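The structure appears right after this line, and notes come after that.
So that you can tell them apart, the chains are marked A, B, C, D, E, F, G, H, I and J in the order they are listed, and the count of residues begins at 1 in each.
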Amino acid sequence: MYASRTDVTRALVTARVEKGVSWAEIAAVVGRSKEWTTAACLGQMAFEPHEAQALIALLGLQAGAQPWLCSIPSKGTLEGGAPSDPLIYRWYEIVSVYGPAIKELIHEEFGDGIMSAIDFRMHIEREPDPAGDRVNVRISGKFLPYKPF
Amino acid sequence: MYASRTDVTRALVTARVEKGVSWAEIAAVVGRSKEWTTAACLGQMAFEPHEAQALIALLGLQAGAQPWLCSIPSKGTLEGGAPSDPLIYRWYEIVSVYGPAIKELIHEEFGDGIMSAIDFRMHIEREPDPAGDRVNVRISGKFLPYKPF
Amino acid sequence: MYASRTDVTRALVTARVEKGVSWAEIAAVVGRSKEWTTAACLGQMAFEPHEAQALIALLGLQAGAQPWLCSIPSKGTLEGGAPSDPLIYRWYEIVSVYGPAIKELIHEEFGDGIMSAIDFRMHIEREPDPAGDRVNVRISGKFLPYKPF
Amino acid sequence: MYASRTDVTRALVTARVEKGVSWAEIAAVVGRSKEWTTAACLGQMAFEPHEAQALIALLGLQAGAQPWLCSIPSKGTLEGGAPSDPLIYRWYEIVSVYGPAIKELIHEEFGDGIMSAIDFRMHIEREPDPAGDRVNVRISGKFLPYKPF
Amino acid sequence: MYASRTDVTRALVTARVEKGVSWAEIAAVVGRSKEWTTAACLGQMAFEPHEAQALIALLGLQAGAQPWLCSIPSKGTLEGGAPSDPLIYRWYEIVSVYGPAIKELIHEEFGDGIMSAIDFRMHIEREPDPAGDRVNVRISGKFLPYKPF
Amino acid sequence: MYASRTDVTRALVTARVEKGVSWAEIAAVVGRSKEWTTAACLGQMAFEPHEAQALIALLGLQAGAQPWLCSIPSKGTLEGGAPSDPLIYRWYEIVSVYGPAIKELIHEEFGDGIMSAIDFRMHIEREPDPAGDRVNVRISGKFLPYKPF
Amino acid sequence: MYASRTDVTRALVTARVEKGVSWAEIAAVVGRSKEWTTAACLGQMAFEPHEAQALIALLGLQAGAQPWLCSIPSKGTLEGGAPSDPLIYRWYEIVSVYGPAIKELIHEEFGDGIMSAIDFRMHIEREPDPAGDRVNVRISGKFLPYKPF
Amino acid sequence: MYASRTDVTRALVTARVEKGVSWAEIAAVVGRSKEWTTAACLGQMAFEPHEAQALIALLGLQAGAQPWLCSIPSKGTLEGGAPSDPLIYRWYEIVSVYGPAIKELIHEEFGDGIMSAIDFRMHIEREPDPAGDRVNVRISGKFLPYKPF
Amino acid sequence: MYASRTDVTRALVTARVEKGVSWAEIAAVVGRSKEWTTAACLGQMAFEPHEAQALIALLGLQAGAQPWLCSIPSKGTLEGGAPSDPLIYRWYEIVSVYGPAIKELIHEEFGDGIMSAIDFRMHIEREPDPAGDRVNVRISGKFLPYKPF
Amino acid sequence: MYASRTDVTRALVTARVEKGVSWAEIAAVVGRSKEWTTAACLGQMAFEPHEAQALIALLGLQAGAQPWLCSIPSKGTLEGGAPSDPLIYRWYEIVSVYGPAIKELIHEEFGDGIMSAIDFRMHIEREPDPAGDRVNVRISGKFLPYKPF
């Protein structure tokens, strides 16, 4: 039995590696983008019940996984420091090196406010390139203005 | 006189606000994208001498700024923790919430390796949307594979 | 059997998700506000014995949970850093961005002292709004003056 | 002369104490709530030009303060840890003790998402009470749902 | 069986809550002050064998607890940061707010040196007060002078 | 001229050492206990105007110090970690070693709540002892109960 | 059964010590350098299936280890601080003492950019020396230039 | 005048950029390797008097720089965390990813002990490569065994 | 069975307390100094096979402990911060208070370099003293000079 | 003029390097051991007035340095983390690697308590050794027992 969402995430990750199922296959069964589905499977988003059912069937999880997959998890994976994994660190470094420039340019275009990380979507694609293929990422976040009161 | 790149960055930022010049205007004068130019002005990249000259003329900096603008700076703005500015924090949160999913999907598509933060470019655009305009960002980084030896 | 309050909190959270009981239902059975009851169920407050009994019956916990539910717990969930969960982080950001202003305004109105986080209550309500519903929170804390001695 | 927004904030805070002007008087001159005005004066928000002019006149700042008061600042005051000031710490403690309960109750009412700290307003009032006057705070933040993609 | 002092501390704390024994009752059986006895039961001090025997009998611990209760533990509960529990935090805040004043006054009275936290005792008492009862604490620590050599 | 409370604190500390005035003499002139007065002089408390005047006269500070001495400072000296000064560290160690015991005993006597660090007073005295004089400290803090709502 | 790569790493390390197999022997069986093989066995790299099979046979691991040994792990062992092990610390100290010089010299030779830690190889050799044998390390990393865009 | 080694380091770095002198030119004048000389110029090593004299003459520093250049500095540049500069971070990442493997292989070859970071030398060279030039680094550190006593 | 050196260390520590064996007795059986033997038993050093055998026999450990006792452990117990145990903290405080003086005096006597913590030995003795017995510690570490290259 | 002990320490360190005076010469003039004198000069101890006078005369400091040299400083140099200087780090590493063994052996000899870092003295000597001279350190600290109360 599962006693927490973390238990279900661990079981899901274990089952995926043992069965050799790809994230794209999981996303196809769930009916969402591969980006959202992978984040949700890794314990960051809440599934709809029928999505959870499809996931349980595909990976052979126990039935008790459903309420946990539909529960809203405690999110976030960075404990306040730099991530040690080199791939994830490169993204942290992008924020470190380009963050102040991103801030200036969004303010110049939109005024004071932020780009939402909630009303947000992201797509990751492979771009063939003779000098070495590239990872292309498109990000879209709603601009939210600060309003004086 | 300037005794360090940091001194020049501070003087540049001060002159820009006092003269009311936009980042887009600076980028046009420098002849680079607004994204790269802003990062470089904020002390993260090295200018070519003619770019530095144009910048000095536009903002009325002292001539001694040139070798510093062309020097390779010590980069990065995050001191190992979460940034306090809300706009920059949202990007840190994206890495925190979506980072493990990004890692899985790049590995699924490309195998073991990373997306380069050096052979990298980024474009930021405004997308009009009746429900609130959106910040669209396109990121492109070369995939670099781990090679066994 | 339960060996600590933490064990009971984990069992309570597990039972709530598996049985599909809402916090509002739990608060109704306990006879307290939903705000205090939820904090207490999450291991931050001590219940009265009859409240603990009602909770045990509702969620089907073991009888041994009672002394733990009535024990005074070690409180607090932030380990000295910024919380990673986006919803809780927004509250941390409010303290970061508005904290010095809150401090100035309470001092201007009351003089030197603090707003108590112990003699404290909070109510959370939904406010319908055509531009998007809002979370309304009313907080009341006793002012405690610093007294010279 | 001022070389940064921080310089202007320091000068403003110094002038306010020396002239003995209250935050409420400043807010009246600026024409905004005392909560927003105080946060803005402490370097967290951007003023409109006419607001900046009124502020400069009231406190006797130099004319060069205007572009800085209208610039969008780098925000936030918590460097990733607990604040040392007792009044501000009590708010941090509220997030630490009640944060998980706030998260659960907002999710129960609205589903997955956050309460915005950007589309946000706050009012602080004194409530007379024979057992000791109370600080009453009303907070309103727009709910922003996570949307699968 | 117990494999460490920590195991014994956990078992002791569990037994105390389940049996409903007070710290004062434990101290009476052990024959020491309630302050020292509680600290020792929480894993900070070493008991004499007959004290350990009395404790084992009172709480129904296993006989194997004795050598651990008499062993000298690894002490201290603060991992280098601020404690999250509100009651313990108030003591940390006292050190933060009054610590430099305590330092100055002890130096003014005694010269350079410290107040020992080893040759130390503490008594906690309730003082009835119509405006709200007070916690009175008397602390006594030997002064240890720095001696040049 | 002084531009902040910190400036005044530094000037006060400098003047005290240069003039060789004791904290007890300052407290006598201010008309408060030596404990409160020292904390206030070190930038932790706000003086009444006549107290500030007396202090300015005694130490030969500039007249502009008065509004700063009467302003409510940003308090606290511990930045979230252990203090390096040995005398102050001993107090941190007392909280680390005895903190959980203090928590248990106050809860046993009063129930859930805290000992206030605001409605608080402290007296430090020297106790002659042939085995080495002792620092005796009496602390009194109002008990504040958690009240369910 | 193994539920994660970490489980497999632990089992592999245990089996190696119990069977007394050297890293050089493992590398010979895997058919890679000892440097890459040891890093991979310690959970930092992904094996090819036939490499994993050879490893499982040599160390007597369970068959279920294969998909985990071929999975791409979460990498890195430093949690943002200095390592406590003296041998690994010396390498951290080399980065601390010589890092800025390494940066300057690579920039002087190549211009702005980095030495890749991904397209990277390393060989460790023993050099006999009458004054005490030496550890010789040859490192090769591809230079990656920053390109303006 | 210079009041510390840090002052001299800053002046040296400023003079080098303004005069456009390379590290290799400085090393030739000092008569040491470019690796050692650069580290020493950046404040990590002590010069011999004649080396300091040559450096002062080349860069036009004040004569008072000599005793500071010959003083033994406080060394190290990492404050216990990960470095933010991308080039230096890659070296930190090498220690993070390959550190445990380096430890195992040195122990396998030499037994218990460390590779010295004091009796240590390093050479950095450019290796032309059609797929992109490479940074080659040769490191040599004396092995120091742990000796039981 | 033991799966790591840490498992063996825990078992050894448990057996020692349960059997009531002193460190001096263990050192006599191992045939090394009490200082080295205790550090090794606590998981910091590697034993010779016959030393491990003697230890296993004395404390009744399982035979599988031998390869682990002879393996080279991951060393160090400080996780980058101040230790909480008062006895160990006093040593950390000695480094904090006297460290810069130790550095200056070793440099004055030997020039640039360090005192080795590897080629190192330590002896701890009790010195009777009517004013209170003293802990006497003799430390000897080889001086290792920095050599320019 | 000096405004703090830190100012005096900086001036003293500057004067010593410029005048080329050794710590041993300073200690001879002060009339204390070189260990205590160096620590005191580096801002860790308080001088007697005649010692301060001798120091001022020897190094040509301003007369205003005397009350600061006789004031009791805020001590300690480690901010809660590992020191970056290699020589001082080796001492931190000794505490990390040998600290638990030191704790066990002092407890075995003396019972529960600590070795004082206040009633403490230290002597550093050079021991010639054909295999490389050694740094010998003798440390003596009074044992302070924990006393139950």
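As a working rule, a residue touches a chain if its C-beta (ideal position, glycine included) is under 8 Å from a C-beta of that chain, and two chains touch if they have at least 3 such contacts.
Chain by chain, the UniProt names read as follows: A, B, C, D, E, F, G, H, I, J = Cyanate hydratase.
What you see is a predicted model; the values in this text were computed from it and never measured.
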{"item": "Subunit J (Cyanate hydratase) and subunit D (Cyanate hydratase) - chains in contact with each", "value": "E, F"}
{"item": "Chains touching both subunit D (Cyanate hydratase) and subunit G (Cyanate hydratase), listed by label", "value": "A, B"}
{"item": "Same or different residue numbers at the subunit F (Cyanate hydratase)/subunit I (Cyanate hydratase) copy interface, by half rule", "value": "same"}
{"item": "Repeated interface matching A-G, over half of the contact pairs identical, chosen among F-I, H-I or A-C", "value": "A-C"}
{"item": "Between A-C and H-I, the pair with more C-beta contacts", "value": "H-I"}
{"item": "Subunit D (Cyanate hydratase) and subunit H (Cyanate hydratase), separation of their C-alpha mean positions in angstrom", "value": "46"}
{"item": "Distance from the mean Cα position of subunit J (Cyanate hydratase) to that of subunit F (Cyanate hydratase), given in whole angstrom", "value": "29"}
{"item": "Subunit B (Cyanate hydratase) and subunit G (Cyanate hydratase): spacing of chain centres that average the CA atoms, whole Å", "value": "31"}
{"item": "For subunit B (Cyanate hydratase), residues that touch 2 or more chains besides their own", "value": "35, 74-78, 80-86, 89, 93, 96-97, 103, 107, 113-114, 116-119, 122, 144"}
{"item": "Touch relationships between chains, expressed as pairs", "value": "A-B, A-C, A-D, A-G, A-H, B-C, B-D, B-G, B-H, C-D, C-E, C-F, D-E, D-F, E-F, E-I, E-J, F-I, F-J, G-H, G-I, G-J, H-I, H-J, I-J"}
{"item": "Interface residues, subunit E (Cyanate hydratase) side, partner subunit C (Cyanate hydratase) - complex", "value": "10, 13-14, 17-18, 20, 81-86, 89"}
{"item": "Interface residues, subunit F (Cyanate hydratase) side, partner subunit C (Cyanate hydratase) - complex", "value": "32-33, 35-36, 40, 45-46, 72, 74, 80, 103, 107, 111-114, 116, 118-119, 121-122, 144-149"}
{"item": "Interface residues, subunit B (Cyanate hydratase) side, partner subunit H (Cyanate hydratase) - complex", "value": "3-4, 64, 67-68, 71, 74-80, 117-118"}
{"item": "Touching residues (chain side subunit F (Cyanate hydratase), partner subunit I (Cyanate hydratase)) in the complex", "value": "81-82, 84, 86, 89, 93, 96-97"}
{"item": "Of subunit G (Cyanate hydratase), residues touching subunit H (Cyanate hydratase) in the complex", "value": "22-24, 34-35, 38-39, 42, 44, 75-78, 80-83, 85-88, 90-110, 113-117, 119-120, 122, 124, 126-127, 129, 131-144"}
